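Chain naming follows the written order as A, B, C, D, E and F, and within any one chain the residues start at number 1.
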Amino acid sequence: MDTIYQFFNENLLLIYLLIFTIILGFEVISKVPTVLHTPLMSGANAISGVVIIGAILLIRQAEPDDYLTLSLGFLGVVLGMVNVAGGFAVTDRMLEMFKKKKAKK
Amino acid sequence: MDTIYQFFNENLLLIYLLIFTIILGFEVISKVPTVLHTPLMSGANAISGVVIIGAILLIRQAEPDDYLTLSLGFLGVVLGMVNVAGGFAVTDRMLEMFKKKKAKK
Amino acid sequence: MKFAVFKEEIDRRVAVVPSTIPKLKDLGLEILIEAGAGQEALYSDAEYEEKGAQVKSRSELLKEAEIAVSIHPLAEAEMKSLAKDTLVISQFQPFADADITGKLKELGLRAFSLDMIPRTTLAQSMDVLSSMASIAGYKAILEAASLLPRYFPMMITAAGSIKPSKVLVLGAGVAGLQAIATARRLGAQVEAFDTRSAAKEEVLSLGAKFVEVEGAVEDKGAGGYGVQQSEEFIKRQRAEVQARAMKSDVIVTTAQVRGRKAPILVPKETVEKMKPGSVIVDLASSTGGNCELTEDLKVIQHNGVYIQGNSSLASLMPQDASFLYSNNLLNFAKVWMKENQLNLDMENEIIASALITADKPA
Amino acid sequence: MKFAVFKEEIDRRVAVVPSTIPKLKDLGLEILIEAGAGQEALYSDAEYEEKGAQVKSRSELLKEAEIAVSIHPLAEAEMKSLAKDTLVISQFQPFADADITGKLKELGLRAFSLDMIPRTTLAQSMDVLSSMASIAGYKAILEAASLLPRYFPMMITAAGSIKPSKVLVLGAGVAGLQAIATARRLGAQVEAFDTRSAAKEEVLSLGAKFVEVEGAVEDKGAGGYGVQQSEEFIKRQRAEVQARAMKSDVIVTTAQVRGRKAPILVPKETVEKMKPGSVIVDLASSTGGNCELTEDLKVIQHNGVYIQGNSSLASLMPQDASFLYSNNLLNFAKVWMKENQLNLDMENEIIASALITADKPA
Amino acid sequence: MAIDFFINLAYLLGAVGFVWGLRLLSSPDTARRGNIYAGVGMGLAIIAALVAPLEGANNNYGWIIGGIAVGAVAGGISARRIQMTAMPQMVSIFNGLGGACAVVLAMVELVNMSNPTAGGIGIALLTLLIGGVAFTGSLLAFAKLQGLVWDSTITLPKHNIINMVLLVGTLVVGVLLYLQGAEMSLGLLLTFLGLTLVYGFSFVAPIGGADMPVVISLLNSFTGLSAAAAGLIYGNQLMLVGGILVGASGTILTVLMCEAMNRSLLNVLVGGFGGGGSSAAKGTGDQVAKEVTINDAAIQLYYSQSVMIVPGYGLAVAQAQKVCKEVDDLLEANGVDVKYAIHPVAGRMPGHMNVLLAEADVPYPKLLDLDDANDALPNTDIVVVVGANDVVNPSALDDPGSPIYGMPVLNVWEAKHVIVLKRSMSPGYAGIQNPLFFHDKNRMLFGDAKDSLGKVVSELKNL
Amino acid sequence: MAIDFFINLAYLLGAVGFVWGLRLLSSPDTARRGNIYAGVGMGLAIIAALVAPLEGANNNYGWIIGGIAVGAVAGGISARRIQMTAMPQMVSIFNGLGGACAVVLAMVELVNMSNPTAGGIGIALLTLLIGGVAFTGSLLAFAKLQGLVWDSTITLPKHNIINMVLLVGTLVVGVLLYLQGAEMSLGLLLTFLGLTLVYGFSFVAPIGGADMPVVISLLNSFTGLSAAAAGLIYGNQLMLVGGILVGASGTILTVLMCEAMNRSLLNVLVGGFGGGGSSAAKGTGDQVAKEVTINDAAIQLYYSQSVMIVPGYGLAVAQAQKVCKEVDDLLEANGVDVKYAIHPVAGRMPGHMNVLLAEADVPYPKLLDLDDANDALPNTDIVVVVGANDVVNPSALDDPGSPIYGMPVLNVWEAKHVIVLKRSMSPGYAGIQNPLFFHDKNRMLFGDAKDSLGKVVSELKNL
């Protein structure tokens, strides 16, 4: 219990931040029109590719001859980058159809 | 400049928190129907009475014979409390008229 | 005061209906009604009696009347047998019949001409012109729809597609507006034209199209009535009307200019360019008609075009028409019956306008 | 093949209008038309000739016709003078006139009775009953509105308030539905009744109210036609109808039962309880009428109630009626004219039903 | 440890309460709940502040409890007593007190100098500045709304320039104080205090009475910011978060309020002589017709029991019959009883209104004629006059000089409220002025009737 | 210091980019911009991660740039090449790869044990678990959507119980590993890895194909959470914030998607045999009519050039003429050309449709008769069949055995898309089945026409 108390007290700001982020996530989405569900899902998916940062940091910290780590890191970067690049691109394509048409008159 | 850099780096979490709070504040309000402008203003006003916490802490930390500080603190608590209590009460009264009526059938 | 209601000779309406009798009596009037007066309008003598009127013969009425009421003026001969100073109430149309005032005065009668009540907001509840014109407008479209050998509404059917009829309304006064509304209800495409500038908004307010012809003369002093237009304007207007008429299935004309012959808006030439089977209903027929060929109170056919010149369409709907007329009369009576007494206050604009036998300051 | 179109004797319509002639000719028909046939419907002989028809006298037509076309059957005498095997096309109403088939066969004629075309979706474009019933329903309301001494729509005016008329439609077939729609357009409050269960939805689909009477008999085999109802049901129905009728200003009746006298839905007693001035338009008058007092082709007045028994309202709108009839005929001709030849394929349901002179398997 | 945890947790929950409360406050269905959440959050926070372990604290609970009691009673009672119509000024005064509280804290901090870092001083000065402006600004806004002062009496010529000079002066003094740091002179500090208070007053002075709600909202966000700044002084995250939240939401709310008035914030603050601006009441002579906004109209209608629509010629001109029916439908769906009062001469032909309303499928039984309508009016909550004029003119009854004297009209002023929809103050067919427009119970909603009703429909759908 | 500042600032801006991007993504007008903001945020973050000063880092930029290049090309190309209709499965596979990336990070962390605190191990295990489930789950969702596997072939009997057992087993192994701590056995770790992957697969297996979008959204929020957990491993706030944001918004989005389908999330996950559930296509025999959702219908209409409405008896029954006109008005306001095709026998009396449409004030020139409509149909983007049936039955043209063979009908299938609004698959007046409903171009929108169109109106107003 005490460790939890301690963790809480020490990381108070982080916890505020997490909770506010969660609320913000809820809030931003909660009024989305149904037509945007799929593009939004796709956009959120692209953002989840932020995990690539971890893979980059992993490679940068690896020993230059630690080929296992390097290849795994490489794999991580590729996977993450596919998620990121593909995700944003696909979202953009989906959203193309939303281009505002000019109304008559 | 350096102090700013330093402040920034050291209070990074705090800054995240502040920025997210600001975004959250914007976000929460941005879709409010016009009919709620006044009650919302009133509700926000009540929340701004949170400054009373400062007044309470001020008194608690004051010397028991430092009457100047104590009376100023007392004034602060009174002012803050009027804001808090009056604010919530007035908001509630404004919102009374929003009581959902039962629709026919 | 004895308020004598006569049976109409050539009209199915009656000036007073049973339901208004109690209210007239409250004003201090004693109601006498000619036997059978309401029959054509489907009000029986029994009903009149039940409401407190005395049913009498025409000769009795002529003898006893202190106020003599009819829709169309009584014949001169009959008026002669009325007591002197009797108040006769009818529609004398002094503008159309310039002699009538003189004649009435000669006979020693006092006369209210209901058609002279001013067209003000205040007097609208007594305005028989409005209530009867409204019926006329409504009936005009029913007549047109009955005569027209075609459908009014659009019909896309297995046996072929039928376009909506085009209805052109000339003159958007009370009758014209009612015609517009009724035609639109039946599904026709409606255009209308009038010289008064206010008419445009009124036409649009009923969802119809307004035909613009520039250069119409307006006289604010005419109390809302149309005025005589310039030769040139009438020419332009005729051209415009002719262009529309050729495409129209039905034309309803209501254009009147007070005290003058109605303007000819649809000359013979236009009629001849219309599609066979088309219908013209001319509500201005009593003052000569807006169509050159109109004959009053007749339906004629010219080149396959029907021209209905019935100036008395309200008579075709006698029950409601009488009811409305009767209410108008009641509201009017309230103006000059005060404390059970006749009170011809010439300060009152309504009385001053309607009492045609009184001398007016020039 | 010579397709001879006769002038109607007692009807303003004509079976073929000029605009369909080119299409009939495309089918391989040669069109002869009696002089003046279209006149009443506002189609001139010149127009017919322009479209490629030959205008001839009646006697010439009788002599030359290979196909003889009219709306009402030709007189027996005239039919005798037709060549043997001539195809006569008209509405013979074999259900109403049981002898007619025999007579036609006797004369050696082949006959299409247009009223026997099945009421299927496929045959709807040839269905003269539908197109004419639709006109009848529309006209019925116009007739009623013309006869009614009251307004149809609600009117709150300075001269008094007028409630909307109540219209009761009995029988919600094609004519009934059109009557409902038209009455609603004119601003009346409309109720309707029918024995077919599908009719309820159809009535509601036009925004009118449906009067429920429980226990109606339905026969799915009747092809959508109404069937004879039980005594008890008719009694209940009459009671219900009477209750509504007393409050109604207009009743339009269209209830027909194929091959039988129309059911009496409005007995004398009900009529006598109606408000004076009310109107009954009885579209079933040709089969005896739904109102006990109806006289076919006449307007009578009973106790102040007008009863219009015109079974041929379509004739009052001859131009469009003829146009639609003519299109029906054209669509029908497409069924039996194949490659410029008459092709009476008895496998075809439409031909089999309409060709009343052919022997049918029991 | 554990007690710290619970204190921190209470503050955190307080913060979440604020956020969630604000969130719920922005939807009518949940607004009341939102207010309660925020209030509970505040309660938790106050309790936490009271019991949080403080090294070497003297507590002085008596002073605190006393202050709380006095404040709660004063605030609570005035909130309960105030009239519905005076709510905005009440909010304003509460807000001013909050600002004053921040001023007190900052002054104590600056005088005591218990924490004489450069950052600390700067923050305290900031608190003082913002709080001070919020304080006097709010008080003046209150006075304006309450009608205690008139715009003209307190606005100087070239007021904007004066304001600018004042602001710069105040800031210069502030910077001087900051540079003096721990050795700041009390005189200068008091000058600074005075300047902030004067500036707050002067800032609000030229802004028109009609724009006060916007100003109050802006000042409210100032108070929030000053609370946040005070939070930095006390190292209290809740004050920080709560203050920032109010600052941000107050700012956006202010912008939204301006948008709803079709004006920019700048326009309100600088060019905004609201008293004579676009939102001003129109009238002839010295009579003034009061306006109502679309959303107030919508909310009034939505929460009423019975509504009477009075159509006139303007309904026909605007062709507003269908959207009128839509309003009817939406209100009926919410249990409001909607009827139509048809004056016999409304429109331009007999039965004009009947034709239009039939077109919009209004059922006949909803139409009342003159007599029935006049019977029903005294029990009607709101009358909506849609483009009618002569037929609702009270002169017909009480002004013997009027050309329509004696004509029966619809006595709409007998209902509880009236809203008149028309485009301008121009007269109707009879060409006469209508005293109804200046009636106490009446509010004008200017604009094309179809337009206005269309906007009312949107608002109703949002409720 | 300065470089740290800029790195931190870049991360912060990245985070703000994510938040603001998501925010803009939730409104059609700004969605594209939102995607770009989020993308820019990601770019900033990647650059920051590349150049951030790291003590004793070897950088190995070659590997990184290589990986980025390969990933970007692969992702970009497949995104560009994919067909519009296959977008959801693409999203699914991308998401799976993100999960896989997290798995790789966690594995490396657990094997290398560079940070063997209890917390660190726990977080790494969590990352592995969530990422693993997201990985295989997404792959299976992809396969289902792509039609590579059929629901029945991979669903075992009592699948829910199997899933429960698997989940518990996986968690138990995870706890064991946690307890082993720094001395964890590689074998057990691999078992754990295997179990998470199997569980992800098994978790998605019983869920019906129609529910896949919901599942993808859920798995997406899993990936977000795994990214956040990985952020804790690397002490990177951006990963944490971005991951949490996706986790939260993904969760709420999942719930919203379920709501839009009128189902609960639980129902989808456990009871949800979507393949045969309520959202399934209805048909007779082996033919299947495909459905369209209200919002897809609305968006299709809104972004089309020309729309043809085909009213039938159902329009009359539903009394949907006015709301139909409302749809028309909304579309016209957006520049869509709207016409009506009136079949001569539509309805139950001649001119039935004319009466109704006149009532709704549809102008006559918008009504096309059979021939004109058939001429216009090939150039029409979308046909909306409102309660018509027999009059749009292609059997009339191509099935000599049909009782309506030979009747001219509206050739709606010649348009680009058809949407049929009716309540069920039941036939019309003629009592015959309509092959149009099973036509490739056709989608059904079941429900009362007035209802459905009313909902389309709401959707259109949201666009």
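Here, a contact is a pair of C-beta atoms (placed from the backbone, for glycine too) under 8 Å apart; a residue touches a chain by one contact, two chains touch by 3 or more.
What you are looking at is a predicted structure, and each value in this text was computed from that prediction instead of being measured.
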* Structure fact -> Min route length, chain touch network, subunit B to subunit D, equals 2
* **Steps in the shortest chain-to-chain touch route ending at subunit F and beginning at subunit C** => 1
* Weigh A-F against B-F on C-beta contact pairs and write down the one with more. => A-F
* To do: If we define chain centres by averaging CA atoms, which chain lands farthest from subunit E? Would you check?
  => D
* To do: Could you pull out the chain whose C-alpha mean position is farthest off from that of subunit A?
  => C
* Would you mind working out whether subunit A and subunit B touch using mostly the same residue numbers, over half shared, or mostly different ones? => same
* Rounded Å distance between subunit A and subunit B, as computed from the means of their C-alpha atoms -> 32
* Return the distance between the CA-based centres of subunit D and subunit F, expressed in whole Å. => 56
* Taking each chain's centre as the mean of its CA atoms, how far is subunit D from subunit E in angstrom? -> 68
* Structure fact -> Note: subunit F residues in touch with at least two other chains are 19, 23, 237, 241, 344-345, 350-351, 355, 361
* Got the subunit B residues that touch at least 2 other chains? -> 13, 16-17, 20-21, 23-24, 27-28, 31
* Can you tell me which residues of subunit D touch two or more of the remaining chains? => 124-125, 130-131, 134, 153, 155, 157-160, 185, 187, 207
* To do: Would you tell me which residues of subunit A are touching subunit B in their complex?
  => 13-14, 16-17, 20-21, 23-24, 27-28, 31
* Any idea which subunit C residues touch subunit F in the complex? -> 153-164, 187, 189, 207
* Asked: In the complex formed with subunit E, which residues of subunit A make contact?
  -> 1-2, 4-6, 8-9, 12-13, 15-16, 19-20, 23, 27
* **Contact set on subunit E toward subunit C in their complex** => 313, 316-317, 319, 344-345, 347-352, 355, 359, 390, 403-407, 429-430
* Could you pull out which subunit C residues touch subunit D in their complex? => 12, 41-42, 44, 124-125, 127-128, 130-131, 134-135, 138, 142-143, 145-146, 148-151, 153, 155, 157-160, 162, 182, 185-187, 276-277, 304, 316-321, 323-325, 327-328, 331
